[in-house]
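Okay, so chain A shows up in both of these, paired with chain B first and chain C after.
What follows is the complex of A and B.
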């Protein structure tokens, strides 16, 4: 599945939908979308990950940037991550700063 | 010889009749277009062009845009500005790098001018190609130097305490790597530090942070004395480690904690904006007893393969990846290695190795292969190497691969 990232903002909740593989080749597009989301002044960032098939370490780094970009007061939730993606996030201990939520 | 193909560029789609006549007499193929015509055309619909003959009344910017459009189709025409009366218009074009053509447009004179212009353009393009190639070579050489310097951040040789075999496979996916490993002696050679780490992301950035993180870890561990209490100060009051350390003081735990906690604090204090972090397994082994105390900072769990055929033990994370969360506490993990056992430490390049259809090697298959591998470290790595190459086939290696086998020889075997 080709990588795709979409942003929609509704009542100050920014939702980014990810498809395909988030890795060194695609992380830049995710960064840009996070910048857009941060610029809207969103108070919550929801990352829909149902169709995210793979999260490489460059993708984890992109989540670190998202955390920094949105600021500490913004809740970030990864929703519906598949088992391998959720495992990658938990293994690195990122589930402390990002909420993993079932779809 | 093929006829020269000339594209005359003019806003009104006309040109001085004497010029067109001269071009005709020279047997050239002439197309007359406006800049709008050229820029609006789809790829592949432009006439073949050797010489772009642009009216000097157009702006140099417009002429450059048209030339670039032709470049996109690999045409790379010689650009020549012409004027009939307003010769002063040529100045800005010459400044912009074009050649020029002025009246009288006598066929022999025009031919001589076009030939000169062509030769000059060819020469200048050759020079550009040579310069670009030289620049590329220079980058490649710099990268190669980077690789050599990075190799200097890996140990020259691995210590081998009595009865132990330590073997490593290290295969970067690119010239420079984000993975690293280290093995060194601690506490007056009574303990052995074992490190396998993976700096996130790829390329030169990851390689620079590899050098920093490796140095921080090793330097801090080597400088930590037996009695140092820094680790206890750095930790919060209620960490697992402190509770544990009150019960059983563990030699080697202090340098371990100092190194990992100190590196995490250094990175989060000084480099948090760059967003680099490392997952790492850092173990301190007592070669006499086989006792292992470790911190697993968000790293793929190493596998302890039992000589007695028992279930392999996974050494799960005891804290998050290093360099992300300020002031976080890392707990200590403990394991007992027995004679004949092998500890297999690796990076995600192993489990995330991909076959041609894009499937991952995966942890389950890796553990299965470990069970089938021979008992000794070197043979185990050979076996895993073989299983990986067979799985990956002709697919390109996408991530650095590091594997370390720590094997305690069974004296009775």
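What follows is the complex of A and C.
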């Protein structure tokens, strides 16, 4: 099933745009992109999730990696998650450490 | 921290006993003609998603319930590949059915006897995210997404059953 991930960095804000289904088969690409974002020295990571249609625990592991890699001082926000995607993030208790915006 | 399966409300098994297929599916289902056999590999698990989504659509599950059933099936299948077969070659058989009040999906595999629920871990909310052990999260998501999650060892095969009520509106 289709998955696409794109990274852009502007004024030390890294934005990762996710499209499609983030599961065990596609999480490695998201993980690599998080690694690239961290390497830019970004002070904020924005994950655009408006077009993320599915999120499995493998994708959540990449969010943990993002928090580990970028450090506690970097704000991480997931923007525009659909209701079931936001539910999964909340169920895992990640919303204590990652901001859910417009979800 | 182990997740207390007996603490989950409104599910068979809340008294702490092992939830079996019979607790989930009232009438022992015949093997469904809608069945799937796949190698135990992550790369082909999208076939499980397709199977479950088609079944759920046929049953008229509302979108959130269908999403949760697919999530549970995906996590369970991933768990069988990663923690059941542990990289060894093997096969997963999936079948499913639609009853008047519920939809069920059943997984069978020949990996060593392995109750996926034993690896379940509830999120450690008091631990910073970067320090959390996240093993068991997938099974936790699966367990909390469906109305029943049963496991039995039948003639040496692992049999796990997921059930979603058709009226589910959580």
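In the analysis below, the second predicted complex is superposed on the first by the 101 of 103 C-alpha atoms of A that agree within 3 Å, B and C clash if a C-alpha of one lies under 4 Å from a C-alpha of the other, contacts with A are read in each partner's own complex, and residues count from 1 in each chain.
Everything below uses one rule, namely that contacts are C-beta pairs under 8 Å (C-beta built on N, C-alpha and C of every residue); 3 or more make two chains touch, one makes a residue touch a chain.
Remember, predicted model here, so these are calculated numbers, not experimental data.
Engineer: Looking at the superposed three-chain arrangement on chain A, would you call chain B and chain C a clash or a fit?
Structural biologist: Chain B/chain C on chain A - steric clash.
Engineer: I'd like to know which partner A:72 touches here: chain B for first, chain C for second, both or neither.
Structural biologist: Only chain C; A:72 stays clear of chain B.
Engineer: In this superposition, which partner touches a larger number of chain A residues, chain B or chain C?
Structural biologist: The partner that reaches more residues of chain A in the superposed model: C.
Engineer: Which partner does A:64 reach: the first (chain B), the second (chain C), both, or neither?
Structural biologist: Both partners, chain B and chain C.
Engineer: Does chain B (first) or chain C (second) touch A:101, or do both, or does neither?
Structural biologist: Neither partner.
Engineer: Using the superposition on chain A described above, determine whether A:56 touches chain B (first), chain C (second), both, or neither.
Structural biologist: both
Engineer: In the overlay, answer first, second, both or neither for which of chain B and chain C A:39 touches.
Structural biologist: neither
Engineer: Could you look at A:24 and tell me whether it touches chain B, chain C, both or neither (first, second, both, neither)?
Structural biologist: both
Engineer: With the two complexes superposed on chain A, say which partner A:93 touches: chain B (first), chain C (second), both, or neither.
Structural biologist: In the superposition, A:93 contacts both chain B and chain C.
Engineer: With the two complexes overlaid, spot the stretch of chain B among 166-174, 220-228 or 238-246 whose C-alpha atoms clash with chain C.
Structural biologist: It is 166-174.
Engineer: By the touch definition above, which chain A residues appear in both interfaces, chain B in one complex and chain C in the other?
Structural biologist: 24, 56-58, 60-61, 64, 68, 84, 91-94, 96-97
Engineer: For chain C, which residues are in contact with chain A within the complex?
Structural biologist: Its residues touching chain A are 42-43, 45-46, 49, 63-64, 67-68, 70-71, 74-75, 78, 82, 123-125, 128-130, 132, 134, 137-138, 140-141, 144.
Engineer: Hey, which residues of chain A end up touching chain B in the complex?
Structural biologist: 24, 27, 56-58, 60-61, 64-65, 68, 84, 91-94, 96-97
Engineer: If we count contacts the way the header does, which residues on chain A are in touch with chain C in the complex?
Structural biologist: 1, 21, 23-25, 54, 56-58, 60-61, 63-64, 67-68, 72, 83-84, 88, 91-94, 96-98
Engineer: Using the touch definition from the top, list the residues of chain B that touch chain A in their complex.
Structural biologist: It comes out as residues 178, 198, 200-203, 272-273, 275-277, 279, 297-300, 317, 319-321, 324-325, 328, 348, 352, 360, 399.
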